Amino acid sequence: MHCPDAKGLVAAVTEFIAKNNGNVLALEQHVDPLAHEFFMRVEWDLENFAIPDDKIGDYFDTLIAKRNRMTWRLHFSNERLRLAVFVSKPSHCLYDILSRVQSDEWQADVALVVSNHPDHASIAASYGVPFHHFPITKDNRAAQEQTQIALCREHGVDLVVLARYMIIVGAPFIEAFPERMINIHHAFLPAFIGAKPYHRAYERGVKLIGATAHYVTADLDEGPIIEQEVNRVSHLDSIDELTRKGFDVEKITLARAIRRHLERKTLVFGNRVIVFN
Amino acid sequence: MHCPDAKGLVAAVTEFIAKNNGNVLALEQHVDPLAHEFFMRVEWDLENFAIPDDKIGDYFDTLIAKRNRMTWRLHFSNERLRLAVFVSKPSHCLYDILSRVQSDEWQADVALVVSNHPDHASIAASYGVPFHHFPITKDNRAAQEQTQIALCREHGVDLVVLARYMIIVGAPFIEAFPERMINIHHAFLPAFIGAKPYHRAYERGVKLIGATAHYVTADLDEGPIIEQEVNRVSHLDSIDELTRKGFDVEKITLARAIRRHLERKTLVFGNRVIVFN
Amino acid sequence: MHCPDAKGLVAAVTEFIAKNNGNVLALEQHVDPLAHEFFMRVEWDLENFAIPDDKIGDYFDTLIAKRNRMTWRLHFSNERLRLAVFVSKPSHCLYDILSRVQSDEWQADVALVVSNHPDHASIAASYGVPFHHFPITKDNRAAQEQTQIALCREHGVDLVVLARYMIIVGAPFIEAFPERMINIHHAFLPAFIGAKPYHRAYERGVKLIGATAHYVTADLDEGPIIEQEVNRVSHLDSIDELTRKGFDVEKITLARAIRRHLERKTLVFGNRVIVFN
Amino acid sequence: MHCPDAKGLVAAVTEFIAKNNGNVLALEQHVDPLAHEFFMRVEWDLENFAIPDDKIGDYFDTLIAKRNRMTWRLHFSNERLRLAVFVSKPSHCLYDILSRVQSDEWQADVALVVSNHPDHASIAASYGVPFHHFPITKDNRAAQEQTQIALCREHGVDLVVLARYMIIVGAPFIEAFPERMINIHHAFLPAFIGAKPYHRAYERGVKLIGATAHYVTADLDEGPIIEQEVNRVSHLDSIDELTRKGFDVEKITLARAIRRHLERKTLVFGNRVIVFN
């Protein structure tokens, strides 16, 4: 939750929980001193909670949120999200996501895999996940995206993951999944925005390469950052070697970002992501 | 603060603050699921707070802490701590601490520097800090420590920093500064406990070297860990080179731990340190 | 190659290459000042090389190695190694290895997967790799290992990877694959040698967890280290959370070690691994 | 040394050393496959070397370098370089450099400290180093720089270190110290080129902050990179906190770069730095 800061907000929320017989398990709160905005995430135990699950939101909104002009979300820890994974030729992030889901590392399912190439159909198949091939041209992109949006809705997709999907996604698709579309960019943003970051990293002679997972917004590679990581490289590394070393950074960075989203520990405010612990 | 977990604790504390006109600026709370212990750190703005500063502790103890069997500490953000820095031959941590204090990076003063060698008297002098040389032998150690304890008390020392002090400190000294004595061990504990860790790291052929800052307890190198860091090394690094590379890891690790202590963001529970953000 | 140090060794080797029309592409050499041992790795272009591939070893041995008491190995860059992957219940390293091989990230094939549990048969199957289940008891271990050795030989296995295989491997197996068996230990060795490292890391309250990939020798967790990596953890992380965070460190560390081995960039000397760049 | 690649180069150089009774201690060589350029660094023992120290350059140039169109440098391991440290208000890099030099961590001396502010005169004085205050305005900058160049020459300065010197250095100064002027930029280049990188890092919501040490060239913040490092930050960090956390990254990054230069392990080729191990 977040709202303009005021005295008594933590007390109000935690009293609401305590009076209804909930036990707070974890709470993180802070005030942004520039924006004078209050931010909080609270986790509580619902055992013997006085308000039924499907009424908690209502009660909270009426009793606490509205009078404090709060923006808030309520999630239950047994939720299982459905992912759509969009991928082009590089397959490392796709493999990583599928194996984490199959081995129950995440509380999520992969609803479908989408690609602009047919190559990875067999990977999806071996994990028992539907695969959809959408060839993209300049002319058909907008139409194809409409079909993709419909497909994602049909499959009950909660989160769209652009797992090295090399097609620029249009505004209607982004707007259909606000703060629910994560991209992995293969550079340490804001360095090397746009195409061929490893080529440019090579030319610039950087000593670390990086990856950035961010929510997708209308501005390419400018969305709010969830997670970043780097790895050391040297003058001996060719562009191919940078690319290969980057694969590991990308898949770990993307996986951490997805996990934070699944745990409901991300909160977007302006162009920044608050990532709770 | 920490205490056995119960419902309503966050609400009780934050209501105490809100009712007395305080504004919570930052709060971190969690329950240890194994120990069923409640932990919390809360920072609030005292402007217009209804209870005078010197009574807050009393009121809090009576109204909140006692009835919940809480262990708690209250600190004010304008406190300035006084450090005693104990050092032997390697001087990198001493230099680092003195320069941070002199450049006002920390809200602290170095009250005195103590060494078992006379070598670093001129360093202390150049920073305008009293220097005390205590030659240590097996026979005089206990007696010298009594003098050191007295000296620290005389100088109003709040925190004793063993900044690569190669003498084992006796129980009376440790007991005189419980949770107020920090040591930097030049290894990634619990690897290489005890003497000559870089020699042993070299022999073991490790690929990373580390440093550990911990509160000092009666068991050598077994105290609760505040901070750890590592750095990459290679087969080309001699023991001297490991030692030199280790210097940077040690001074950064120790500085982070001291800062966390100065910010009052550490809480020792059993043999673990909760380090708040 | 390595041998007792002497003057003229680099010149002798590189002259051998130059006189036979080879072009040196990369060379790393150093002298261990304690052991007075010479170490070198040299890569050269075989285009128009005067000596046929299958005679190079002979010539080198006669003309250079014998007279300098050199230990040496010759590898060709088009070699493709065959891996046996041994795994117990945790599957993250298995998935990671299979997906790297399937996506041609490595110049290697997985010849077979072996497990003491039947659980991962379907993973191996989905990657088209033979799976062998060997139930292990105290009584049958030695016999089962003999079968495993035979099986590995039959499949032409070049490298045995213990990818979170929770069974202690016996001396005959280790001796059958000297410097060709890599284990991933889920701790920053020499910290937390042996069982349940994450439990012990939790109890010790460490602030970083690590993983170590090493060649397997007769002494449990004491073999020469190829690669180590760490990741930051906090007091909030339960043992389960440490374990999960550790998975990523383990799979990346193991993959880097395997790659170094595949690239023929590792050289074991005593209990240390020289890892060339 | 570097030159267009050709067969026999390593052999030619190492034979020159061996024939004159030198023993190669460490050698790194590689060929850049895009530029077809040969790069090598070789360290050898001069004990009983047949050519006197002051003739080695001559002989090498005549016998090896000229006929191979080599660019080369010869350094002796007992050289002690003289540094000029330029600094503005932030003092952390200055302290770090002075303490490393005073504790003999580096084979170097600080010849003088230069600042556009008078504030740090006492720091320099406490380390016994001459301090020169050059107030800089738009109008006097060129003239002041001429004096600074003369002063550096007078003091026999080998390396100019811009240790958080917030004045843009003009072309004549840069040309007077080609590949002998190192700057620390307080960002992970090429991200946040130019002024106020921590402010911009805050606004962009990055999850890691970085620092870059590079040789200074005519293009601001575009010079060849020697070393980069990063540190993790969070949404809780204010601009001041980013700045403070950045201090440690900056001083460590700059120190590593200076050390590499002092060890004569850097070689600039185009806009990239080869950093030998």
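We call the chains A, B, C and D, going by the order they appear; numbering starts again at 1 in every chain.
To be clear about the criterion, a residue touches a chain if its C-beta (ideal position, glycine included) is under 8 Å from a C-beta of that chain, and two chains touch if they have at least 3 such contacts.
Quick caveat: nothing in here was measured; it's all calculated off a predicted structure.
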item: Between chain A and its twin chain B, rotation from the CA superposition, multiple of 5 degrees; value: 180
item: Pair exhibiting more inter-chain C-beta contacts, C-D or B-D; value: C-D
item: Chain B and chain D, separation of their C-alpha mean positions in angstrom; value: 35
item: For chain B paired with chain C, centre-to-centre distance based on mean C-alpha positions, whole Å; value: 40
item: Residues within chain D bordering two or more other chains; value: 26, 30, 234, 236, 277
item: Footprint of chain B on chain A - complex, ascending; value: 5-11, 14-15, 17-19, 21-31, 232, 277
item: Chain D partner contacts - residues on chain A that touch it in the complex; value: 30, 33-34, 188-192, 203-208, 210, 224-230, 234-236, 238, 271-275
item: Touch list for chain C against partner chain A, complex; value: 26, 91-92, 95-96, 99, 102-103, 105, 123, 126-127, 234, 236, 244, 247-248, 252, 255, 277
